[in-house]
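First up is the structure itself, then whatever we jot down about it.
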Amino acid sequence: MLSKEKIAQRIAKEIKNGQYINLGIGIPTLVANYIPDELEVVLQSENGLLGIGSFPTEDQVDADLINAGKQTISMVKGSALFDSAESFGMIRGGHVHLTILGAMEVSENGDISNWKIPGKMVKGMGGAMDLVSAARQIIVAMQHCSNEGKSKLLKECRLPITGVKCVRKIVTDLAVLEILPEGGFKLIERAPGVSASTIQEKTEGKLIIPSEVPEMEFE
Amino acid sequence: MINKTIKNAEEAVKDIGSHSVLMLGGFGLCGIPENCIAALLERPLKGLTCISNNAGVDDFGIGLMLKEKMVKKMISSYVGENKEFERQLLSGELEVELIPQGTLAERIRAGGAGIPAFFTPAGVGTEVGEGKEIREFDGKLYLLERWLRADFSLVKAWKGDTAGNLIYKGTARNFNPMMAAAGRITIAEVEELVPAGELDPNAIHTPGIYVKYIFQGSNYEKRIEQRTIRKT
Amino acid sequence: MLSKEKIAQRIAKEIKNGQYINLGIGIPTLVANYIPDELEVVLQSENGLLGIGSFPTEDQVDADLINAGKQTISMVKGSALFDSAESFGMIRGGHVHLTILGAMEVSENGDISNWKIPGKMVKGMGGAMDLVSAARQIIVAMQHCSNEGKSKLLKECRLPITGVKCVRKIVTDLAVLEILPEGGFKLIERAPGVSASTIQEKTEGKLIIPSEVPEMEFE
Amino acid sequence: MINKTIKNAEEAVKDIGSHSVLMLGGFGLCGIPENCIAALLERPLKGLTCISNNAGVDDFGIGLMLKEKMVKKMISSYVGENKEFERQLLSGELEVELIPQGTLAERIRAGGAGIPAFFTPAGVGTEVGEGKEIREFDGKLYLLERWLRADFSLVKAWKGDTAGNLIYKGTARNFNPMMAAAGRITIAEVEELVPAGELDPNAIHTPGIYVKYIFQGSNYEKRIEQRTIRKT
């Protein structure tokens, strides 16, 4: 089973040179730490920044410069600041190539739930519905099962959904999976030491297991 | 040039009555109209509708207005980080309308720009789309969303001039420019107020036409929610 | 009969302190010369400027600073520059208080034609349709009659219209008129030396003549 | 940071084929992509659709493209000041779609911002409204208008950096920012190109994400249509 950091590290391998990328809160934020130096990519923060840099040093901290997770950040050279309407115009207009975000549930046809647990949690969807409705490619970072051991890769989402048929790829602590256009989770890679049958056990939705499923590789 | 200067936050909010619809700028606690919120807390207000991306935290920002039970309804996109909020919501004291962040930004922009409705893909097939018109354009489904307007918009900028022109700083810009345009009466508080002519016309984010009153605020706390630091 | 300058001078009296004003091409542009110094108003140019100043001196001329009539201009202190979407957002959103524009025809219910003569002229509407659809108050500056002596204040517009029921006030070389909510041109003032019956003769649409119609006054 | 620099206008327009849909920034001759237009004139293009507020004058700007009979269709708001244009239009050689200026600006903005359609009051009851959906909101009538997008957008800015960020000058901004966002491939020509990091991130008008290629232009003529001077 992968740690959060390893999930982030694996997702980083999906990133291509020249991409504009929006990273959600949680594991997705960690992906920034694993982007290879030789790639030129730009991180977008939906609260109004292109070109997120590293966390600031103590004396650089600026309350007026935060990311979408409300963390203090810095800017890289060549950054641009803008308002929220412009930011979501960018997202909705398909200018952001890749969105990486967390999920509570994903269904075998690519629906995603990550904003509400009726009667329990009412935090709101933030920018997630806009992101999943428009980004060219969506990768989900999540735990394969809940704390109670129940699968979060389902036939159908039980929680209120964030978007319909939008997820293409999922990286969990157990596996990398692709969602097929006709539905179903296709197993692409296994976490080191995790067998396909274990993944099958922990996947409620339809799992397609090719004859060869390599283990994930990390540098 | 028309001079829009007023003395302070107290004067700015004196005409805001109970049951008004307010827009308040900011994302989290970044770029919120601290002085105006403090002045509102001094007034015996009830039944406000507040349109703001977030609802502050328990002891700062709009959270303080919630504590005073001034707010009847919140229209927001994300309201975590706030226990009193959650309590009032679950007890039914507080009405809440949650809107995708981009739709919220665009509805406010539409309000200021005279666009009564527009189509957006966000929320299709979800709770957000219930009861709304769905239409297909070029093979993709979209929801029809209406504009949002307010009786009063309270915005916070970095610099402003007496003509009402505003410049924001960093990511404190966020919802402020659209809200400035969508308020029937827009009140701007700024960290530094300068005479008209001192700001570069080419660098202005909010043209003065949208601003009715402007004042230089004081004692900005600018509280940080997640102080993340890199060591070196 | 008033000169163009006098029409502009008379219109300037309609301007109130604190207004944001859009001036169309032609006579409306001249209005700027007659706005009393004690009034603080701001002139908007729909190509992206609030705070139009006077024409520039020879050495101030800047090709990157023009008004909607493509004339070189200057900026007053406290100006702001913006793009065309913001500019028309301002107009459409009702932030501009007063629009003064020219017309080829106006009808007694407030329709206006000023953008097209079928088969003859195809210049386009520019920003006129947006302006008349949204400005809080619209004043038209025009000649009462065509060069051929035909009335341009009509029962119904003959040319393709620019906007429906939007004009409230008209200043011509002969008269100041108001359009009544129920329809009809109400004669408010006569040009010096022009009789109400002359105005009646030159007005095709329904003209309402109050018992007393003062002459225009100029300082 | 992604580097978007290319050498010159010739390289910028080399992939533009006949029958492409182009957006060209500018209002009148102010803020037009002079270098790109000059480079287009060197190519054997036909059947272009050009979206631009104006159509240039007889011997400058898009007027030159009309003379070369490259343009099949113009989508504009105002096309006076151009005899060749009028000739081609009246003879039926040129198709023209005239759109209210604010609707044109908003349709282009919508194209870049992923809004497939919106309602606007401009043109209700006129020729512009014919065949379009009309709907009442709050007692006022509005037309439904669609977004506009282009295969290539050609924009002109004052300063730009290698990351594609742009700053415009004066009223030369006009349609350029929206067009930059609405082009599948956006080409920016600038008077001064600087390394990423030299422009103030807070003063940028067009974020680099919208720009695919950028180059420093040369020999800007910046022709003035109405040279109006005050004597003193």
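We just call them A, B, C and D in the order they show up, numbering each chain from 1.
Here is the rule we go by: contacts are C-beta pairs under 8 Å (C-beta built on N, C-alpha and C of every residue); 3 or more make two chains touch, one makes a residue touch a chain.
Note that the structure is predicted; figures quoted are calculated from it, not measured.
> Starting from the defined contact criterion, work out which chains touch subunit B and subunit C both, please.
Shared contacts of subunit B and subunit C: D.
> Among the chains, which one keeps its Cα centre farthest from the Cα centre of subunit D?
Farthest by centroid: A.
> So which one's got more C-beta contacts, A-D or A-B?
Ranking A-D and A-B by C-beta contacts puts A-B first.
> Just give me the whole-number Å value for how far the CA centre of subunit A lies from that of subunit D.
36
> How many Å are there between the centre of subunit C and the centre of subunit D, using C-alpha atoms for each centre?
Centre separation, subunit C to subunit D: 28 Å.
> Just curious, how far off is subunit C from subunit A if you go by their C-alpha centres, in Å?
56
> Going through subunit C residue by residue, note those that touch at least 2 other chains and give them in order.
Touching at least two other chains: 49, 81-82, 85, 88-89, 91-92, 134.
> Indicate the residues of subunit B shared as contacts by at least two other chains.
Only 106, 109, 113-115, 120-121, 168-170, 202 qualify.
> Draw the chains as points, connect those that touch, then say whether the picture is a line, ring, star, complete or other.
Shape of the chain contacts: other, as it matches none of the listed patterns.
> Judged by the touch rule stated earlier, which pairs of chains are there in contact?
Touching chain pairs, listed by label, are A-B, A-D, B-C, B-D, C-D.
> In the complex, go through subunit D and note every residue touching subunit A.
Per the touch definition, subunit D meets subunit A at residues 1-3, 109, 111-115, 161-163, 165, 181, 195-197, 201-202, 204, 207-210.
> Provide the residue numbers of subunit B that touch subunit D in the complex, in ascending order.
That would be residues 106, 110, 113-121, 135, 137-138, 140, 142, 146, 167-170, 202-203 of subunit B.
> Can you check the complex and tell me which residues of subunit C touch subunit D?
On the subunit C side, the touching residues are 45-49, 54-58, 61-67, 69-73, 81-85, 87-89, 91-92, 111, 116, 122-130, 133-134, 160-164.
> With touch defined as at the start, can you tell me which subunit B residues reach subunit A in the complex?
Residues in contact with subunit A: 27-31, 53, 76-81, 86, 89-90, 96, 98, 100-106, 108-109, 120-128, 158, 168-178, 205, 222-232.
> For the complex, which residues does subunit A have touching subunit D?
18, 20, 40-42, 44, 49-51, 75-82, 85-86, 88-96, 134
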